[in-house]
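Note that the chains are named A, B, C and D in the order they appear, and that numbering of residues resets to 1 at the start of each chain.
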Amino acid sequence: MADSDNDYLVQSPDPQHPANLIPELCAKFWHLGWVTGTGGGTSIRDDDLVYLAPSGVSKELVKPADIFVLELSKQVNQKERIYLRKPPVLKPSQCTPLFIAAFTKRNAGCCIHTHSQWAVLITLLLERQRANTKVFEINNIEQIKGFARGFGKEGNLGYHDTLRIPVIENTPFEEDLTDSLEKAMEEFPDTCAVLVRRHGIYVWGDTVHKAKTQCESLDYLFQLAVEMHKLSLPWLSNII
Amino acid sequence: MADSDNDYLVQSPDPQHPANLIPELCAKFWHLGWVTGTGGGTSIRDDDLVYLAPSGVSKELVKPADIFVLELSKQVNQKERIYLRKPPVLKPSQCTPLFIAAFTKRNAGCCIHTHSQWAVLITLLLERQRANTKVFEINNIEQIKGFARGFGKEGNLGYHDTLRIPVIENTPFEEDLTDSLEKAMEEFPDTCAVLVRRHGIYVWGDTVHKAKTQCESLDYLFQLAVEMHKLSLPWLSNII
Amino acid sequence: MADSDNDYLVQSPDPQHPANLIPELCAKFWHLGWVTGTGGGTSIRDDDLVYLAPSGVSKELVKPADIFVLELSKQVNQKERIYLRKPPVLKPSQCTPLFIAAFTKRNAGCCIHTHSQWAVLITLLLERQRANTKVFEINNIEQIKGFARGFGKEGNLGYHDTLRIPVIENTPFEEDLTDSLEKAMEEFPDTCAVLVRRHGIYVWGDTVHKAKTQCESLDYLFQLAVEMHKLSLPWLSNII
Amino acid sequence: MADSDNDYLVQSPDPQHPANLIPELCAKFWHLGWVTGTGGGTSIRDDDLVYLAPSGVSKELVKPADIFVLELSKQVNQKERIYLRKPPVLKPSQCTPLFIAAFTKRNAGCCIHTHSQWAVLITLLLERQRANTKVFEINNIEQIKGFARGFGKEGNLGYHDTLRIPVIENTPFEEDLTDSLEKAMEEFPDTCAVLVRRHGIYVWGDTVHKAKTQCESLDYLFQLAVEMHKLSLPWLSNII
């Protein structure tokens, strides 16, 4: 049976079906400037099924028929990906192993990858400022309350908590980021995101809603932090 | 009778009905970047009925069925809120006591809470510049004419008038802002808004239209003021 | 006959009818941030009939039924405006005498008033930099070719031409700007716009299309000029 | 046969037909701020047929009926353009010879011209910084992977590759740019774009998709580079 026969996997009248949600999210992210010029991607996991936006497509134009589907439990070999459904003329996303890491290591239900300029600028500012510190830190901003406290923990961060997002170095081939992304997940077990130097960010969450709103909140904080830097306002403060 | 039975309260073919206006406003505010990542909220009062956007929802996706309703005169106890209508799976907004303060203390018809980055940056600039001055002031900008002269007063501010918006300190729990918000209302009886340090802003008005346009005008002034600061242009000037 | 009886004046199935164009333009300008919080306005002249957006309305929500209509030739007294059609609950725009100045002194077919922040910032930068120079000047930018050469002249400005936009001082009451606007028109007979200090801009053109595109091109140049100022790049240069 | 008789050339129910794609792209570019005030343009080549957006039209309002069509192989004389279809009241784009250069010299399938402010600012920064260096260079940014390796070459640029975009000087008449644009194409045979000082950019690609996504990726890099400049972050770095 050809991969492309399983079209039923991406055909549903339910707007909450992953094959309908991914196009809606991708279009939204394109308008936010996060997935310019085919950059970035989005994946949703529904139990063992993983739905993926294709590579090399204008993200505001993604259609349900463009979605790749694979079974998480069947991916024994990172080099030889087996797809339940594969659109004939499209290429799978190079982000796939990174999305899978979020699904397997963090039990995420959705993972979003953007090339947000604010995220890139934060990694550039950190690169220059503190060469050995591979983490973005900010505290005492209300928006921090938008993040889950951590993997397997109940509730969200508080206003006085410090949000910490690790930064990993970029590699020429996106799939080669997988090891360092997984290492960052281990070192920062509570993080919901990993910044990639000069590249962008990966953000995940238990649900599509949580991944999306955490991605929005992070972008809000990155933009705010760049503006704070321009105005010589520090990202960390001692307020009690 | 279960709270969720009163669905008729949020079902109306009239686009001006609060249950239809709140979703429209929330979507507009999301596109303006004011309610990113479930932050912020909106409430409309129609006589004794108060309609509230839910907490923890992507604000561009709010539906009439998501709206909470309560009776203003029945809220005798801040800790035990009684709802006429409560969507079963959603949580009420933590902003509720602050919205109620605007309705009871200022007879407002609508109150909007945003996490606007321009508002947050203004509070950060004030925090650094003048630690003991808890007010944003600007004058001699035409947009100032967009604000009501004050509570119980006729007409709008004039071009040469100084707009003053008080700033209160943020607290870990949003409901704990209520006392200082009410105190700021007393100290600045004519203000239509209170800035919350490192958090955002609460804006109200006699009508939905007035609250919305004052919120827009404030955001315009905050953005302008941040740009003025970058260009070393003072917020206050002596022009006659 | 009551003013409000002439509803036929604003009812047309033609999308190019002024009563249909004004709402479309106002909504577009609101999304561009030019008419935030009821600020700004738009007027179209069709032969002797002048169509005006109302005052005090959220500009993205203007409807054909909200439009005021007057006869240009019948306006003998600035203080007592006579309307052919006047929506019962709305107030006419305070910009009316300024729009009329563009129609009578420059034979304009459309006049647009915005509170664009870029325009306001330009007037603030000029106020500080050169107190006695009441004109914004820029040259050697391709977008300058988007402006008509001048009143009664054929063709557009060239790349090497210097665009000059006069600045007038703001007044507490918008109608009091009329004299200085007319004076600026006389002093700069070829200008298609007048900047108002700390307020915004008035832009006109022979047609709706010309007024709109000149307003867009000006805003482009103001934004560019503010960014150039931040980067210490001069607005005038000697290139041949 | 009059030029305007060939209406069938721009009438198709297929959304992928050039006469339908050009209006869609122009509207998208207007919302991105690339073709403000009638500036800029877009052309698609389908085999020997070239479709062109008209000059002097608000780009968000372009309709299929506004599209010009010519045969590439029939254009023997640059001064006397022969159109297969010419809308009676519209003027052809002054960019036509530049679009044709991309089609004939680089076998492009689509060419886009924008007045993007980020592109203009980059040319201004280069003008000041290094008067004799007529090229924008950036490396070690992930988005660089969005560009084709070069004319007649397979694949895309890599993360460590340096993207080089030549800059040519502006001229009073747009068609006079043709020679220097062609010269820049020869000097930088792999470039997919040419910056025009104080004017904007021309970007092309083998397909509509490639031209559009390369144009987006360039604008992303120009905006990022301006922000990097403001933050004193260099465009070139040594990372391996």
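One rule holds for everything that comes next: contacts are C-beta pairs under 8 Å (C-beta built on N, C-alpha and C of every residue); 3 or more make two chains touch, one makes a residue touch a chain.
Here the structure is a predicted model, which is why all the values come from computation and not from measurement.
S.K.: So which chain is the furthest away from chain B, centre to centre on CA atoms?
M.R.: Comparing chain centres, D lies farthest from chain B.
S.K.: Since chain B and chain C are copies of the same chain sequence, what is the angle of the rotation superposing the Cα atoms of one on the other, rounded to the nearest 5°?
M.R.: The rotation relating chain B to chain C comes to 90 degrees.
S.K.: Provide the C-alpha centroid distance between chain C and chain D, rounded to the nearest whole angstrom.
M.R.: The computed centroid separation for chain C versus chain D comes out at 32 Å.
S.K.: Take the average of all CA coordinates in chain A, do the same for chain C, and state the distance between these two points in whole angstrom.
M.R.: Taking the average C-alpha coordinate of chain A and of chain C, the gap between them is 45 Å.
S.K.: Tell me, which residues of chain D touch at least two other chains?
M.R.: As it turns out, chain D has residues touching two or more other chains at 230.
S.K.: Which chains touch, pair by pair?
M.R.: Pairwise, the chains that meet the contact rule are A-B, A-D, B-C, C-D.
S.K.: Along chain B, where are the residues that touch chain C in the complex?
M.R.: Contacts found on chain B: 140-143, 146, 158-160, 209, 212-217, 219-220, 223-224, 227-228, 230-231, 233, 239.
S.K.: Considering only the defined contacts, which chain B positions touch chain A in the complex?
M.R.: My answer: residues 33, 36-39, 58, 115, 117, 120-121, 124-125, 128, 170-172, 196, 198-200, 226, 229-230.
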